[in-house]
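Okay, so chain A shows up in both of these, paired with chain B first and chain C after.
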Partner chain A sequence: MTATFAILKRELLTYFVSPLAYVFLGVFLFLAGVFFYLGIALTGEASLRVMMGNVSISLMFVLPMLTMRHFAEEQKTGTFEMLMTSPVSPVAILVGKWLASLTLCLLMLLGTGLFVAILAYYGEPDWGVIATSYLGLFLTCGVFCAGGLFASSLTDDQVAAGMGGIVLLMPLWLVGSASSLVGEEWQARLDHLALLPHLRSFTKGVIDTADLSYFALLTFGFLFLTFRTLESRRWR
Partner chain B sequence: MIEVEHLTKRYGAFTAIEDVSFSVPKGHVLGFIGPNGAGKTTTMRVLTGFLPATEGRAVVAGFDVFEDPVEVKRRVGYLPETPPLYRELTVGEYLRFCAELRDLPRADRLRRVGEVMERVGLRGWERRVLGTLSKGYRQRVGLAQALLHNPPVLILDEPTSGLDPAQNVGVRELIAGLAGDHTIILSTHILPEVEALCAQVVLINKGKIAASGTMEAVRAQAAPAYFRVSLHAAGVEPAAVARAVGALAEVKVVQPDGEALRVESEPGVDPRPAIASMAVGRGWGVRGLERTIPTLEEAFLSIVGREGA
Partner chain C sequence: MALSRQWRRRLAYGGNATLVTGLVLALLGVVYGVADRNRARFDFSSDSANQLQPDTLKKLELLAADGQEVEVIAFSSQEGKADTFFRNRAMKDLLAELDVHSATVKTRFVDFDRERLTAESLGVTEYGHLVVRRGEQRVDLKAREIFRNQGTGAERSLEFLGESAFSRAAAQLLSNRRKVIYTLRGHGELDPDERGPGGLSELKALLDQENYELKPLDFFFDRERTGAPTVPQDAAALLIARPKAALTDAEEDALITYVASGGAVGIFWDPGAPLPDLVERLGVTSPEGVVMDKLRVFPYNDRPVPTYGGHAMVEDLREERIVTVVAHAAPVRVPEELPAWITPSTVLRTSRDGWIDRGGVLDKGAAVYEPDIDLIGPVDMAVALELSPGQGGLVNEGKRVSRVLLMGDADALSNMIMGEGPGNPSFAVNAARWLTWDDARLAVVGKPTRVRRLALTEEDQGRIRWLVLGLLPALSILAGGAVWANRRGR
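Up next, the complex of A and B:
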């Protein structure tokens, strides 16, 4: 626990003493602002539905850039050797890093609170739906951060880790877009694999255990793969 | 304190170290020397639990490195070849992070960080950013990190590489001060440093142990002691003098060595009395008869060969 917390703190410190966190918050909030405006202008609804869908797609590209350094850089600079020769399990290291990126996501989501305030000022948003939308988006962040970490654990090259993370996550999106090409029977099956349909339930105000399990399974799966990669690095 | 038995590490078809065995008693400093790429860093990485061995066994501080890696890691302070620093943190932030990572009791953390900073000469450097430090200071921070949890075993991979002579002396004094309380493995290329600090030496070459034991044993094993003989024989050809010395039963090899002769004998045989009485018998003067023990450097070169030098 101490070690996980130490790593979480250290990662957050690194985010905020470098331009990294500020650039991410800035870029993300700009994108979210554009989607928020477009969503309102196109539908005329006082909701975050359009914004949430588009934001989740942009996170697919943004978050691997955030997580790419987590293991790649440590392996390049040699600090990984110190971590692995400390009396700390790889799980503690991994979870600390994942929580750090998730904390930054939380700040990013908090930043979009401004849009909610605007909605509340000019319209009458459904607070329940807004709450479940944020829950869905946060769970999505959990999946993307875990996937990005997995990509980062595979290489000591940050750019490769970032690109690899994007490529790893894209099928979760593409499988939904491509599903209409394969006929109805398969479309339904593929839609279960795609991320957006699961997120859509949350943005409609529905919390379904099937969707919760989908996100939990993907997150846990990616974290588990990362753990195995870290373990195996010692054996190669 | 450290027992290494038949350690072998292969990366695919490449054998990094093969059948390496040695032991270090408690409180001793072991000098770990060898050319670049000989397998020093690999061996140290195996001992710190960073790399598993392909074969063999290593026991550090009473725990098997492969069966109880966490217990071993608690008791080992490790300074890798490149100090493992987060460039964007300050010295204080970094050392406090390391203290948490090593799970020092909360109440002791700040005190220990202060103590090790004092010990390695970093007092007043707490707020400096690691990325802006010179090589010497980075090395000090690396050492501070290794000492933080006051480990009984220290594994230092080239702690003095890249330091200036004054810093070198500082680190050497620090290590000398740590010996006794700590069992230390020190890898280095600076052989006089090993001679000054280490009672025991392991010389590794191409992944295998080429020589090991006490400093004297390694020196003697590498290159036998020889004698420098300087005779004054007016009107006699130097070659004739050499022949006369070489004719003695106690002498094995004679080579000219500047003005003098370099004389080797069988181990345990001292040819000096015979040379002296021969010289006196012929009416030659004796300028000098000295026994020379090869330096560690000579030993190193005679074992490793001069291809890299």
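Up next, the complex of A and C:
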């Protein structure tokens, strides 16, 4: 636990002593702002529902760029061997890095608190729906960070890791709208794999245990794959 | 060629890692499958707008009973129109909920513009149409039945009635025959066509959704009738809502004859109103006075908050703790000993602090219990009676059990109270369901979903645009710039 916390602290420091985190935050807030503004301008509704769907897709592109350096950079600069031979378990390293990315995501989401304040000032938002929407988006961030880490663990090239992360996560979005290719019946099955149908319940104010397990299992799956990749370096 | 030691090691580790990874991923898939089949849903929206109402769930359950597939096909609203986004999304949400809650319901959202062939094959010519099919049966719902505009100008809001519309379609699929409930008139009764606060138009609309038709029955002005007054053969029940004048002997006879043949009657009256002889024949009385309770509906002094009895009609309301409001209610007294052919059951009664107020002093405008004048409670306000045939009773041998609902308050059904009491619509619909022997459908009736609108002027929009697209990202970039400058400065 101490080791995980040390890794988390180190990664967060790395984020915030460089302009990287602020640039990500600025880009994310701008994109979220566009979707928020379009949402309320087009629907006139005191809701974040339009924003949430679009922001989740934006995060699919933004978060792999945030996580790409975690393992790729360590491998490129040669600090990876030092890290793996240190008395810190690979699990602690992995969880520490994932939690650091997730903490930055949390800050990004907190930045959108202004949108909620605007809704509350000009209308009567449904607070239950807003809370579950944020929970859904946070869980989505967990999946994307884990997927980005997995891509980063596969290569020592940061750009390749970033692009790889996007390519890895994109099917989670695309399989949700493949009905014209596969037909309605298969689409219903593919919806189990797709991310947006699982996020939809949260944005309506509903917490479904099946959706919760989808996000939890997908995150665990990506983290497990990352762990296996890191471990494989010991015998490759 | 023999593999080197390093390759053998790699193959062994690699094979092991691949196997374990495959097993773990398969296990994750299995866990998700189990979670998907045993899902629990919790609605955190303030008006529980996303969960299907118990009434709809009950109907889905009944529809699924014979395993026959129900097809729900929704057509998109016209693009470019105001509220199109909301309309389509609300419809998709409803379809998703129906999918989740029923294995026999198959839903489909059709883009009316892109899939014209589908529309033509179903004979649909309008945007926002909903088709519900089950075997040969089909119910069509038009957009105006599914969406309703409330208010005008800045106050305008759109309500989505999709669930109640589907519920109505389901009711029609469940019951091929539209049941007729006659409402007696000619004695100053509440009028089902009256849209004012004292009318029953809300009740009529609610029952219409449930596939019941409220038809007036006027013994005096029925010119086609030649013989003695009779309740029509197609009557599923008879409703007598607050008669101000007594029924004539011939009407009393018609009522008794109807009950004797296994008919169902709901009688609702106010304090001091004349009661049909039928009530007395059943041994039930309405003592002089008004029902009062320390537990009242704020800010009214004459509206006790009723508690629910053990009757099935109010079982769901009791469990969901939904209050039915009564106003200025008359007491209903059932004797402790009744003939064996009458089975009474309390529907509504006061709390233990209730009493029958018979005058006396007022405390700050509210009645207080005075032991020397008033009668101590708890006091029944509504009772349901089942009258078995034969046994020397009112119902003729060989006929089915007759059902009678007696309630000392007619206002509870009126438009005024129906809109105020959260449980009143369910109570009224369930009363009709019980009287017409639709016991399987007893459930809480839902409310429409409303859109939470933002009241934004052009200036407001400009201010928001500046805040979310300019200030917020700029602050973050500026912070990054400061960090960068600080590092360069070192």
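The rule is short, and it goes like this: the second predicted complex is superposed on the first by the 235 of 236 C-alpha atoms of A that agree within 3 Å, B and C clash if a C-alpha of one lies under 4 Å from a C-alpha of the other, contacts with A are read in each partner's own complex, and residues count from 1 in each chain.
Note that contacts are C-beta pairs under 8 Å (C-beta built on N, C-alpha and C of every residue); 3 or more make two chains touch, one makes a residue touch a chain.
Quick caveat, the model's predicted, so the values are computed rather than measured.
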Putting chain B and chain C onto chain A via the overlay, clash or fit? fit
Have a look at where A:M163 lands relative to chain B and chain C in the superposition and call it first, second, both or neither. neither
Can A:L217 be said to touch chain B (first), chain C (second), both, or neither? second
Touched partner set for A:S18, first chain B, second chain C, both or neither: both
After the superposition, just quote the angle formed at chain A by chain B and chain C, using C-alpha centres and rounding to the nearest 10°. 160
The chain contacting more residues of chain A, comparing chain B with chain C, is C
Output check: A:V175 vs chain B and chain C. Expected answer is one of first, second, both, neither. What do you get? neither
Contacts for A:T2 in the overlay, against chain B (first) and chain C (second): which applies, first, second, both or neither? first
So, A:H192: does it touch chain B (first), chain C (second), both, or neither? second
Between chain B and chain C, whom does A:I57 touch in the aligned arrangement: first, second, both, or neither? neither
Considering only touches as defined above, state whether A:S86 meets chain B (first), chain C (second), both or neither. first
Per-pair minimum CA distance [chain C against chain B, superposed on A] in Å: 5
Counting contacts the way the document defines them, which residues of chain A are shared by the two interfaces, the one with chain B and the one with chain C? 17-18, 235-236
Enumerate the contact residues on chain A facing chain C in the complex. 16-23, 25-27, 29-30, 32-34, 36-37, 40-47, 49-50, 111, 114-115, 118-119, 122-129, 131-132, 184, 192, 200-201, 204-210, 212-214, 217, 220-221, 224-225, 228, 231-232, 235-236
Can you list the residues on chain B that touch chain A in the complex? 11, 45, 48-52, 70-71, 73-74, 76, 78, 80-89, 93, 97-98, 100-103, 145
Under the touch definition given earlier, write down the residues of chain A that touch chain B in their complex. 2-3, 5-7, 9-10, 13-14, 17-18, 77-89, 234-236
Note: in the complex, chain C contacts chain A through residues 9-10, 13-14, 17, 20-21, 24-25, 28, 31-32, 35-36, 38-47, 49-51, 85-86, 89, 93, 96, 100, 108, 451-456, 460-461, 464-465, 467-469, 472-474, 476-477, 479-481, 483-484, 487
